[in-house]
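What follows is chain A paired twice: with chain B in the first complex and chain C in the second.
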Partner chain A sequence: MNLSLRSSSVLDGTTHVDLATSTVRELNGALHALKPDTNETLWKIANPRGLHAIAAGLDLPVSVEIDGPVGYYCGGMNKQARIIIEGTAGVGVAENMMSGLVHVKGDASQAAGATGNGGLLIIDGNASARCGISMKGIDIVVKGSVGHLSAFMGQAGTLTVLGDAGEALGDSLYEAKLFVRGTVAGLGADCVEKEMRDEHKALLASKLEAAGILGEVDISEFRRYGSSRTLYHFHVDNVSSY
Partner chain B sequence: MNDITNTPRTTPRASATFDEYTLSEIRRAAATGIYDIRGAGAKRKVPHFDDLLFLGASISRYPLEGYREKCSTEVLLGTRFAKKPIALKIPITIAGMSFGSLSANAKEALGRGASAMGTSTTTGDGGMTNEERGHSTQLVYQYLPSRYGMNPDDLKRCDAIEVVVGQGAKPGGGGMLLGQKITERVAKMRTLPVGIDQRSACRHPDWTGPDDLEIKIEELREITDWEKPIYVKVGAARPYYDTALAVKSGADVVVVDGMQGGTAATQEVFIENVGIPTLAAVRQAVKALQDLGMHRKVQLIVSGGIRNGADVAKALALGADAVAIGTAALVALGDNDPHYAAEYEALGTKAGAYDDWHEGRDPAGITTQDPALMARLDPVAAGRRLANYLAVLTLECQTIARACGKSHVHNLEPEDLVALTIEAAAMANVPLAGTDWIPGRGGNF
Partner chain C sequence: MCGIVGLFLKDPKLEPQLGSLLSGMLDVMCDRGPDSAGFAVYGAGNHGFVKLTLRGPDGMDFAALASQLGHAIVPRGTHAVLSVPAAEEGLVRAALAGLAPEVRVVGTGARMELYKEVGLPIEVARRFKLESMSGTHAIGHTRMATESAVTTDGAHPFSTGPDQCLVHNGSLSNHAGVRRRLAREGVNVDTENDSEVAAAYLTYRMRSGDTLGEALEHSLSDLDGFYTFVVGTESGFGVLRDPIACKPAVMAETDAYVAFGSEYRALAGLPGIETARVFEPEPAKVYFWDRAA
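Up next is the complex of A and B:
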């Protein structure tokens, strides 16, 4: 048992933490204190009750399974860890993730995967506005739909949406690649539909495979969106776009 | 008929409204169709610390001996929540300036100079370089809307975190770095294509408003195990409320940056017309801390137009715990030096007025990414100049503090000050010199 936690137990190699009796600080402190050779590699968290910053700042290949809804910034800045949320996620789930996996089994609030540099974020439900805002290399797969201004200023990585996308998709987009199967309510400034060539189909397939749903959806149903790169440089003729 | 050639003529009269600068800007705008972009802070004359004077000791107060009696200068930042507050030897820090806007040599020189004097430097919009971490004994890591280069490893190896909401040159505006300075290394650090004109976001991507900010700060504390002091930096606009909300959100330190504070690049119209002067911001920020019972518990850093030890002393007397310098530090490194007068003229400007920092052609090798220009700046020598300058600022501040009878620069107080103008008296909330009249006394601020 980890001594920094007031309420935890180890059964069958799994560390159980109840956030009804332990604090997020105690949980995160215990997770941060794990050594690279730890054998406490599976953590099950009960009663998350929408608390914020659960499992933020992890940097080990451990699994954290959270049984219920989480608040803001769950899995924030994650490196290496596999974080499963059996419920909904608040604002900024997996924000600035570097590597690893965050899987939301329910819906996600705004700014899911914001500024993420790497890793994979899977959202089984819908994601609200600004999903993937300022993404920098993260891969995001949303099985439902995404809200307005998703992938705003997206710099790198992929956003795959099996459902629909809201207004201003990919506004001020840099080099992030967007795949949407459903309808797009509107494209943002500098975001355009692009040809879906074989390399893009292969890229999409790899992301679907990583999300465990390759073969469950028809890749030919997706459309690709990217930057037209017309706003990459200040020019007087582009003023109306700003 | 009058003889026109013999008729006395009036002297050609330039318009005060349409002055020489204004006319040139109208012509420039008409020719290009785009607003003027430049670096630095507000250049217009605004009420400033020059409009305040210290009273010094007299019969009712006795001074300290200038060369014999101690006048301490150390400052502890982050005592509210952080497990590891920052201890500075002097109350003068180096403000956030990015690698990208500045050359690697300039960043190294800032680190060397500040470290020699026992104070901190600050990263900028673009992440942390190994060079600046290596040369800065105490490094503040900025957390900006763009999150360029943001990563948990640097978050854990910094000494403090500064959540940047805004800056004095452009409250409500985002950063800007034009293509000339987006070199391969800068682009890689920011995950951007090489050579593009980068325009950073003006709002944070994953929080809006003070309630969200409180949760964001909680997350940063969780990630760093509550070790690091967390600053919140705002551009001076509504400093009373912004300071109060930063405190409410859980900040350890509030940084208030007045409109004279510099920027690497933004619109001239923004710099000169948005935000309020540093002098007008200090007392409001202090009042907010006092009203909340948090003065000296949450530390206040003031920046924007700090040039000499008198400015430092005046900011402290008004209630700040420390100041930050940016433009003055660059000048100490060698920016706008007359040594390069001919080259500044070749760029269409002159030494002392050069502010096209975004173009990356700085002859002094400071606001550039050009390897040849950058090589002109010796980081060791430049770091020494900065250390010398910081030493002078400190000695000057101590000189004034001793003259006012203070054994620590933090013992300076508003009672030590008077104002030369009604405007400054109203803004600083100190009496007009020679009177006991404080304009606006009885108001809310």
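Up next is the complex of A and C:
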């Protein structure tokens, strides 16, 4: 299959792709075909119109700037790339990200950053349900609020929420660290509020700095939530359940 | 999977474009439901008259039926809209059952017309010339069948009361129980489809005095399963997602309209979408808009 882009133009070192005339498959094929020494390090994508899987599976330190709302799984599995979305994002933005940056300038739908292993996901607006579900090392900073069941079964990484969190935050949590500035509608099973010691404030500060908002928010306003570790360790009282 | 769309116009200037806008939304949602499609359009009404949307077999001679009944019929493919004085609806229905038992009444109301058929949604929309329809609001559905067979009867929207219709993405787990309860209340559900039970439930609630908003509120405790509903009434348009919010939903609001889509893609072609307020309806929260309010 020929995945070459039918219509792209390179101006001042920037590659322009219009998804009104090229397909997502062509765009992603071209991005996947880039060599490590490529000079095409800045891509500007027009007319995304909520299409799915835009800029998924990248593995080079290139920048992809998308001018509008994207559909499902944008920036999925991202490694190294910097992906900026000038609009809202559909389900599973940056799902299973390994490294790099995905920045959503609007709201994100459900399961943002799901199963992410690394990298930074910044959401300027709200994220709906299951933000950071099964997160494994990703850092997520949400400037608005998150919906129910966020950080469900989160294993590692951080979820920082400047607004509020919905029901069952951190349900069945492992070792992901959760920081919420606003109210929490309810904590999930085995998730508890924990003391905010200096090392946690330093950790939170480093995440706010990465998101470019250190100094804009008061770290003392955040509460920390984590696992009480009663669910995932073997306990002899539960032996009949196994 | 299924795709659902809805469009409620606030700006009367857009009314002539209602059908073409909804047709574009349905086209994009073919990916989510290629089995069958349907839509309900709230167009012009004629005071004192009721519109019966009829569905006949292929090649049905609606003109002959019109002259037999002595009432105007506007045919559209396998469907046709029969306008009769509201006081004569019962008589006409009885006459219709005698003259053409193969014809079904799929929807009634002062303003609602309802069309649905098996086939790729964009082709279904073309067959009924949806793009030429005008009105104040409309809802549509593209179906990927899960709980019952791919038949025209199983396609959405479902209408179980005058000017009321519902489209559903999801599946209900307690529809058999609700069906029995409705039967005891004298509310009949024609098909084996779980979504029709939801439509009938809302009809039952509104018949008992609920507003659309109250009926949707009650369904949160009485309907179990996963669902995103979009519901139309003569003057209103409502949206409800189950508390877990299994099924996707995105909405856009401008001064000119409120639009619903299973995915943003369905909204991408609407006028002024670039500056619309785009939001995801929250789980277990009733949204509705009413022209009368």
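In this text, the second predicted complex is superposed on the first by the 229 of 242 C-alpha atoms of A that agree within 3 Å, B and C clash if a C-alpha of one lies under 4 Å from a C-alpha of the other, contacts with A are read in each partner's own complex, and residues count from 1 in each chain.
Methods note: contacts are C-beta pairs under 8 Å (C-beta built on N, C-alpha and C of every residue); 3 or more make two chains touch, one makes a residue touch a chain.
Everything numeric here is computed off the predicted structure, so don't read it as measured data.
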Open item on the list: One more residue to check, A:V91. First (chain B), second (chain C), both or neither?
Closed with: both
Open item on the list: In the overlaid three-chain picture, which partner chain does A:N117 touch, first (chain B) or second (chain C), both, or neither?
Closed with: first
TODO: Figure out whether A:P69 sits in contact with chain B (first) or chain C (second), or with both, or with neither.
DONE: second
TODO: Check the residue A:I219 against both partner chains and state whether it touches chain B (first), chain C (second), both, or neither.
DONE: neither
Open item on the list: After superposing on the shared chain, does chain C or chain B touch more chain A residues?
Closed with: B
- [ ] Check whether A:N28 is in contact with chain B, with chain C, with both or with neither, and answer first, second, both or neither.
- [x] first
- [ ] Considering only touches as defined above, state whether A:L60 meets chain B (first), chain C (second), both or neither.
- [x] neither
- [ ] Have a look at where A:L51 lands relative to chain B and chain C in the superposition and call it first, second, both or neither.
- [x] second
TODO: Determine where on chain A the residues touched by chain B overlap those touched by chain C, and list them.
DONE: 52, 71-72, 91, 110
TODO: Over in the complex, which chain B residues touch chain A? Could you list them?
DONE: 32-34, 146-147, 150-152, 155, 178-179, 190-193, 196-197, 201, 205-207, 212, 215-216, 218-219, 222-226
Task: Contact footprint of chain B on chain A as seen in their complex - done: 24-25, 28-29, 32, 52-53, 56-57, 59, 71-73, 76-77, 79, 91-92, 95-96, 98, 110-111, 114-115, 117, 130, 133-134, 136-137, 152-153, 155-156, 174-175, 232-234, 236, 239
TODO: Give every residue of chain A touching chain C within the complex, in rising order.
DONE: 49-52, 68-69, 71-72, 88, 90-91, 106-107, 109-110, 128-129, 147-148
Open item on the list: For the complex, give me every residue of chain C touching chain A.
Closed with: 244-245, 248, 250, 263-269, 274, 278-280, 282-283
